[in-house]
Amino acid sequence: MHIRVINPNTSAEMTATIGEAASRIASPGTRVSARHPDHGPVSIESHFDEAVSAVGVLEEVLAGEREGADAYVIACFGDPGLLAARELTRAPVIGIAEAAFHMATLISTRFSIVTTLGRTGIIAEHLLDQYGFSHHCRRVRAAEIPVLDLEENGDAALVRIIDECQRARDEDNIGAIVLGCGGMADLTDTISREVGLPVVEGVTAAVKLAEALVGLGLCTSKHGDLAFPRPKPFTGRFEGFSQLTPER
Amino acid sequence: MHIRVINPNTSAEMTATIGEAASRIASPGTRVSARHPDHGPVSIESHFDEAVSAVGVLEEVLAGEREGADAYVIACFGDPGLLAARELTRAPVIGIAEAAFHMATLISTRFSIVTTLGRTGIIAEHLLDQYGFSHHCRRVRAAEIPVLDLEENGDAALVRIIDECQRARDEDNIGAIVLGCGGMADLTDTISREVGLPVVEGVTAAVKLAEALVGLGLCTSKHGDLAFPRPKPFTGRFEGFSQLTPER
Amino acid sequence: MHIRVINPNTSAEMTATIGEAASRIASPGTRVSARHPDHGPVSIESHFDEAVSAVGVLEEVLAGEREGADAYVIACFGDPGLLAARELTRAPVIGIAEAAFHMATLISTRFSIVTTLGRTGIIAEHLLDQYGFSHHCRRVRAAEIPVLDLEENGDAALVRIIDECQRARDEDNIGAIVLGCGGMADLTDTISREVGLPVVEGVTAAVKLAEALVGLGLCTSKHGDLAFPRPKPFTGRFEGFSQLTPER
Amino acid sequence: MHIRVINPNTSAEMTATIGEAASRIASPGTRVSARHPDHGPVSIESHFDEAVSAVGVLEEVLAGEREGADAYVIACFGDPGLLAARELTRAPVIGIAEAAFHMATLISTRFSIVTTLGRTGIIAEHLLDQYGFSHHCRRVRAAEIPVLDLEENGDAALVRIIDECQRARDEDNIGAIVLGCGGMADLTDTISREVGLPVVEGVTAAVKLAEALVGLGLCTSKHGDLAFPRPKPFTGRFEGFSQLTPER
Amino acid sequence: MHIRVINPNTSAEMTATIGEAASRIASPGTRVSARHPDHGPVSIESHFDEAVSAVGVLEEVLAGEREGADAYVIACFGDPGLLAARELTRAPVIGIAEAAFHMATLISTRFSIVTTLGRTGIIAEHLLDQYGFSHHCRRVRAAEIPVLDLEENGDAALVRIIDECQRARDEDNIGAIVLGCGGMADLTDTISREVGLPVVEGVTAAVKLAEALVGLGLCTSKHGDLAFPRPKPFTGRFEGFSQLTPER
Amino acid sequence: MHIRVINPNTSAEMTATIGEAASRIASPGTRVSARHPDHGPVSIESHFDEAVSAVGVLEEVLAGEREGADAYVIACFGDPGLLAARELTRAPVIGIAEAAFHMATLISTRFSIVTTLGRTGIIAEHLLDQYGFSHHCRRVRAAEIPVLDLEENGDAALVRIIDECQRARDEDNIGAIVLGCGGMADLTDTISREVGLPVVEGVTAAVKLAEALVGLGLCTSKHGDLAFPRPKPFTGRFEGFSQLTPER
C-alpha cells in the first residue's frame, strides 16, 4: 500500500518531520511518500494561506494518481482542498483535522484542541461544525506560536504547547487533547507523557485511517457530489488542469 | 463608490452578464467594475473548480486594492475564497450565496434554492450550515443544466429553471426562491414574473449589501481572525504573494 | 424612497435620536420619517413591555401604508411584532436586531452583543436562535443601564457601554460588536473610536438594508405564511383592526 | 386550586368549548375559570392576530392576579404572550402548544402536529425550535380549515382533521399526534378513537401541567429574566399598565 | 392510581427516602409504591453502574405490570432503561431527569444542574441533547460527593450542594436549579429556601407528570418504535424474559 | 494484536458470521476472537433487547480483560453498552454503528442507512445525534426483515436489502450506504456489487478502526468521565461485579 502524505505548505523541513512521523506509524506493508507542493506558502496561518495551498494539494494528488498512490493524507490542520481532492481520485483522501477529531471521539467523550496561532481557531471551529464534532470539542486553544517556530524554535515551542495542554487538562473537563498542527507530528509522545491523558495527532491518525479504508476496500464515492469533475478548459497558469481526464 | 465584482470563472460572456446586472442595480453614485481572473476554470461546477478559482479571486482582490476598490463581490454561488479575500482588505467583501440567503430571510420565513447541477447542491448545503441559514432553506433543487448553458443555450436553460422554480413554489411550502448561480443574474425579472413569488438573485443582492456596508462605514474587521495575513515567502508560481504587504 | 422608522416605545426623545441617526445614514434619495406609537410603554425592558409595544408597531405600519411608505424599520432590539408587521404590507420590514446581526456576520466571523439590562439578554438569545446566528455570537453582555438612562444620563451610560465593549473586545475572541438597543443609535461612532473594532448598530444597519431591498425590487412575500391576514372581526379597543383590508 | 384558562381570541363559543374541556379534565380540588379578552380578534390565524391577542392575554393575567388565580393556561396553539405573562405573576403559566409538545415526548419518540391553516405552521415550527422539540416533531400538517369552522362547521371540520391525522399515522413514522388548535379541545377522544394512536391536545395537557406545578410548589422564577417588569409609564389606551405594581 | 417508583440502585435507605418524597407529593387518590431491584449496584455513578441497573429497572416494570401499576417513575438521574421500559407497558413511564428538565423549562428560561460526581455530568449532557433541552441548560455542576454520602453524611453533603447551588445562582445567569440525583429528593425544600430561586427535583416532578398523563388518559404509544418487543428466546440468567408476553 | 469481537446477541450462528467477517478483514498480525454472552436475547430488535444485551457485553469485556484483549468491537448496530464498556478498560472499544458512520463520512458527503426493522430506526437516529452525524445521514431505511432472517432466510433477506439499497441510491441524493445490522457483515461485497456505490459495514469498519487505534498507541481515556468505575457492592445475580477491581 502506498500512502501519499501531502504537506500543503512548502517547508521541506516540515515535510520531512511529517513524513518521518507518518512512516514510523505506518504498518509493515505500507509505503509512505511525503511531498509538498512546488508552489505555495511556507506555512499556513490564515484563510489566505490555506486557499492558496489548496491548489498545490490538488496538483500533488494528481501527481500521486500518476504514480499509483492508494490513499492520500492532507497534512495541514485546516484540511485544505479536502473535498476537491476527493473529486480527483477513487482513492481515500484523509485530512489530518478530521482524522484527529474522529479518533478523539473514539477514546473520550469530550476533547480540546491546542493549535498554534489563535487566528486559526476559527478554521478549526468551522471544520468541527462541518464534520459534526462541535459538541465533542470543549474548547479551541492556541499556544500563540507561529507554525515555523515548531521547526526553528522547537524547544521553546514545545514548552508553550505543553503548558497549554496542561491548562486544557485542568480546566476543560475533557478526556483527550487534539494537537492542531501537522508540524506537531513528532511531539505527540513527549506531550502525552507530560500531560498524562491521550493526545491525538492528526498525521499519524490519518495514516492509520487511510490504511483502514484501503484495507476495507472502501473508495471515495464516485456516485453523486464527489464524482470526477466535468472536464473543461482552464486558462493561464492553471491551463494544465484542462487535460484532466481522470480514470473513470 | 467603486465596487469590484469578481466573476471567479474565466468566461468573458458570463463576466459581462454579471457586470451588466450589477451595474443596472447599482445606485447612481456607484461605479461597478466586473473582472474575471486570468487563470482558472471557465465554469465552476465542483469543489475542484471552486478551489482553483479561489486563487484567481484573491488575485483580483489584490488588484482591486491597488485600484482603490471600496467593496468586493464574489460572483459565484459557492462564495469561493470568501474568508481569505476578507483577510486581504479592509473593504467589505460579499459572496453572492450569502447575499442571497440574507436577503431571502428578510422577506420570507422559508426559501428554496434552485441551482444548476445537482452535484453542487452540497456546496450550498455547507454554506447554509456555516452561515446559519439551514433552517430557513426548505430544499436545494437543481435544474440539471451545466453552468455555461446559461450563456450558450439560454432559452432552453431558462425553461428548465422556471420549471424547477414552479415546482419549488408548489411543493416546498416556501415564500421565496434563491437562484443558485451567478450566471442567472439577468434572469431574475423573467423568472420572478413567471413564478409569482419573490426571486432573490445573489449578484444584485451582493451589490446592494456592499453599498449598504460602505454607506454604514463598516469595514471588514481587522481585529482577530480576519486580520491581514502574516507576510511570508511563497514559492513557485505563487511567489508574487510573498510581496504581500497590505496596508495595515 | 420613503422609509418609516418606528420606535416601538413612546419616548419622543428617543424617537428623535433614532430618527436623526436614520436620516443621517440614509441615501440622498431616501426620506426618513420617524414615529412612535400613541399607545405603549416609554421604554422596552421586558417581554411584557415588548408584547404591548408590538400592537403600537402594527398600528404605525398600517398608518405608514396609508401614507405610502416604501419600507419599515422596527427600532427596538427585540424586533417586536416583526413577522406580524410583515403580514400587513408588501413593503420590506426590517428589525434592528436582525439588521445588526446580518451586517456583523458580513464583516467578522464572530461578534458579541452589548445591551442595556441583563434581563433582556434572553430576548437577544431567542432572536439569535430564530434567525440562525447563535453560532456567530460569542456572548450577550449587558451594561446594566435602564434604557431611558441613554437619554437622561447619557454620559454615565456611555462610559459603562464603552467599558463593557472593551471587555468584549479583550475577552470574547470576536471581530465586531453589536450594540443592543435602538437608543444607542447616536453613539456608534464614539464607541467604535474608543473600542477600535467595528461596531454595528441596528437602526442605521436597518435603514441601509431597507434601501437595499427596495433597490432590488424585493417585496415581503405574500405567498405562504406572510400573506395578508384573513380579514375578521376584532372587538373592543382593537375594533379598528376589523376594517383591515390590505391591498392585495 | 384555581386555574384561569385564557382563550386568547374573543369567541365566546370557543371559550365555552375550551372551558368545558378544561373543567372535565381537572382534578376534584381544581376550579377552572375560562375567560377571553374583551379586546382582540375572534380567531387567531396569523402572526398579526397573535400579536394583537397577546395584549388581551396579559390583561386577563392581571385580572387573574386580582382574583387570586393559582395558575394560568394560555389556550391558543401559538402560546401568545407566554413569556410576558410569566413576568406578571409568580403563578405558573402554561401555553397549550408547549404543554402538548412536552406530553407527546413522554409517550412517544416522534410526533406530528395537525393544525388548522397551513399558514400557521411556521408559528408551530418557531415554537418547536424555541422549546427544543424540533427533532421530536416529524412534520407539521394542516387540515386547511379556518379556526372558527371548528365551531360553525364542526362535523365537516372533524372529518378533515381525522383524515389528516390518519395520513400522519400512515406516512410520518410517528408514535403520537399533537392537535394544533385550542378549538379542538373537545375532539380529542373522537380523533384518538378513529386514528388509533395517542392524540395529545394542549388545553387538557396544560391544565394537568398547571396542577402538577402547583402541586410541586413550583412558581415562575422571579430571579433573572422572568422577574416582574420594572414599573414605568404607559401611554394612551395602555395607560392602565402604568399602575402595574405586582406583588413582589 | 398506583404509581410504581423504581429506585434503580439497590440501596434500601435511598429507596425509602425516594418513596417518602414521592408519597408526600402524590395527590390524595394516588398510591405510591417504591421498589428497588434485587439485582444491581448500590449506587449509580458511572455508565457501567447505569447499564447494569437498567436490567433491574426492567424487571421492576414487569413486576409492576403484574401488580397493575398505572404509571412508573425511574428514580435515577440518568433515566436508565427509559425507552426500554416504555416498550414493556402501555402505562406512562417517566424518568426523573426528563421530568425535572420539563418542569424547569416551564418556570424559567434557563437552568443549571447540580449533580453529585463530576464524572456523571456527561450523562446529563447526553440526556439534555436527546430530549432537546441543551439550550435551556446553562451549566452542569457537580458538588463532587458520592451518591451514598447523601444518606451516610447527609449534613456535610447538604452543605456542599447548597454551596454549589448558590454559585449556580450567582454565576450562571439562570432562573432555576435542577437537582441531579434521586437521593436529593428530600432536600428540595431546604435547598430552595437557602438558595432563593426555584429548585426542581426529579422524583417529585416525575410523580406529578405521571399523575398528569394518567389523568389525561394518555398511554405510552404502542404504534411504532415503542411497541411491545417481539417475543423471543433469552438465554442464561435472563431466560425469564423469554416468557415475556405483554398484554397487547 | 488481539481484538475481541463481541456479538451482543446470543445467536451462535450470527457470532460465527461476524467472527468470520472480522477475521477476513483483519491484518496479518491481528487475532480476532468472536464471542457472545451466555446471557441475553437471541436477537436485538428493540430498546428492551438492547438494554438486556448490554450487561452481557460488559461481562464479555471483563472476560476479555482477563485474557489480555487489546481492543474490543461491539457488533450490534445499536452500540449497546458502549460508554459503559469503555469505562472497564484502557483498550479501545468500538461500536459498529459509530465505526460505519465514521468511515462513511470519509468517503462521501451524505449517506443513508439500511437497517432490518423499522422500529430500530429510532436507535440509529439517537446514535447519529449523539455522535454528531445527523447532518451526514439523509435517511434511515428499513428492509423490514427480522434480524435472524439474515441467518435463516438469507436469500430472501438479501433480495430485500439490495432492493432497499437501490432505492436509497436512486432517491436519497447520497454517496454511500451504511448497512445497519451486524448480521449483514458477510453481505457487503454482494450488496456493493449490486448497488454500485460504496457500502459501509460496521463489523469490518470497527475491526480496522480498532487496529488503527492500537497502532497509534491510543487508549480509552481514563481521565474524566470514562475513568474506571468506582468499586462498590452489587447485589443478587450481579454480585460478581462487586469484585470489579480494574487495573488502574
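Going by the order they are written in, the chains are A, B, C, D, E and F; count residues from 1 in each one.
Rule of thumb we're sticking to: a contact is a pair of C-beta atoms (placed from the backbone, for glycine too) under 8 Å apart; a residue touches a chain by one contact, two chains touch by 3 or more.
As the structure is a prediction and not an experimental result, all values here were calculated from the model.
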{"item": "Centroid-based (C-alpha) most distant chain relative to chain D", "value": "A"}
{"item": "Cα superposition angle of chain B on its copy chain D, in degrees to the nearest 5", "value": "120"}
{"item": "Gap in Å, rounded to a whole number, between the CA centres of chain E and chain A", "value": "44"}
{"item": "Distance between chain centroids, defined by C-alpha means - chain A, chain D (Å)", "value": "52"}
{"item": "Centre-of-Cα separation between chain D and chain C, whole angstrom", "value": "29"}
{"item": "Multi-partner residues of chain A (each touching 2 or more other chains)", "value": "83, 86, 109-110, 118, 121-122, 129, 135, 173, 224-225"}
{"item": "Each pair of chains that touches, named by its two labels", "value": "A-B, A-C, A-E, A-F, B-C, B-D, B-F, C-D, C-E, D-E, D-F, E-F"}
{"item": "Complex interface listing, chain B residues touching chain F", "value": "118, 121-122, 129"}
{"item": "Parts of chain E lying in touch with chain C, wherever the complex brings them together", "value": "109-110, 135, 173"}
{"item": "Of chain A, residues touching chain F in the complex", "value": "25, 27, 83, 86, 92, 94, 98, 102-103, 105-110, 131-136, 169, 173-176, 196-198, 200, 204-205, 208-209, 211-213, 215-216, 218-226"}
{"item": "Chain C-touching residues of chain D, taken from the complex the two chains share", "value": "10, 37-43, 45-52, 54-55, 58, 81, 83-84, 86-88, 118-122, 126, 129-130, 146, 224-227, 229-230, 232-238, 241"}
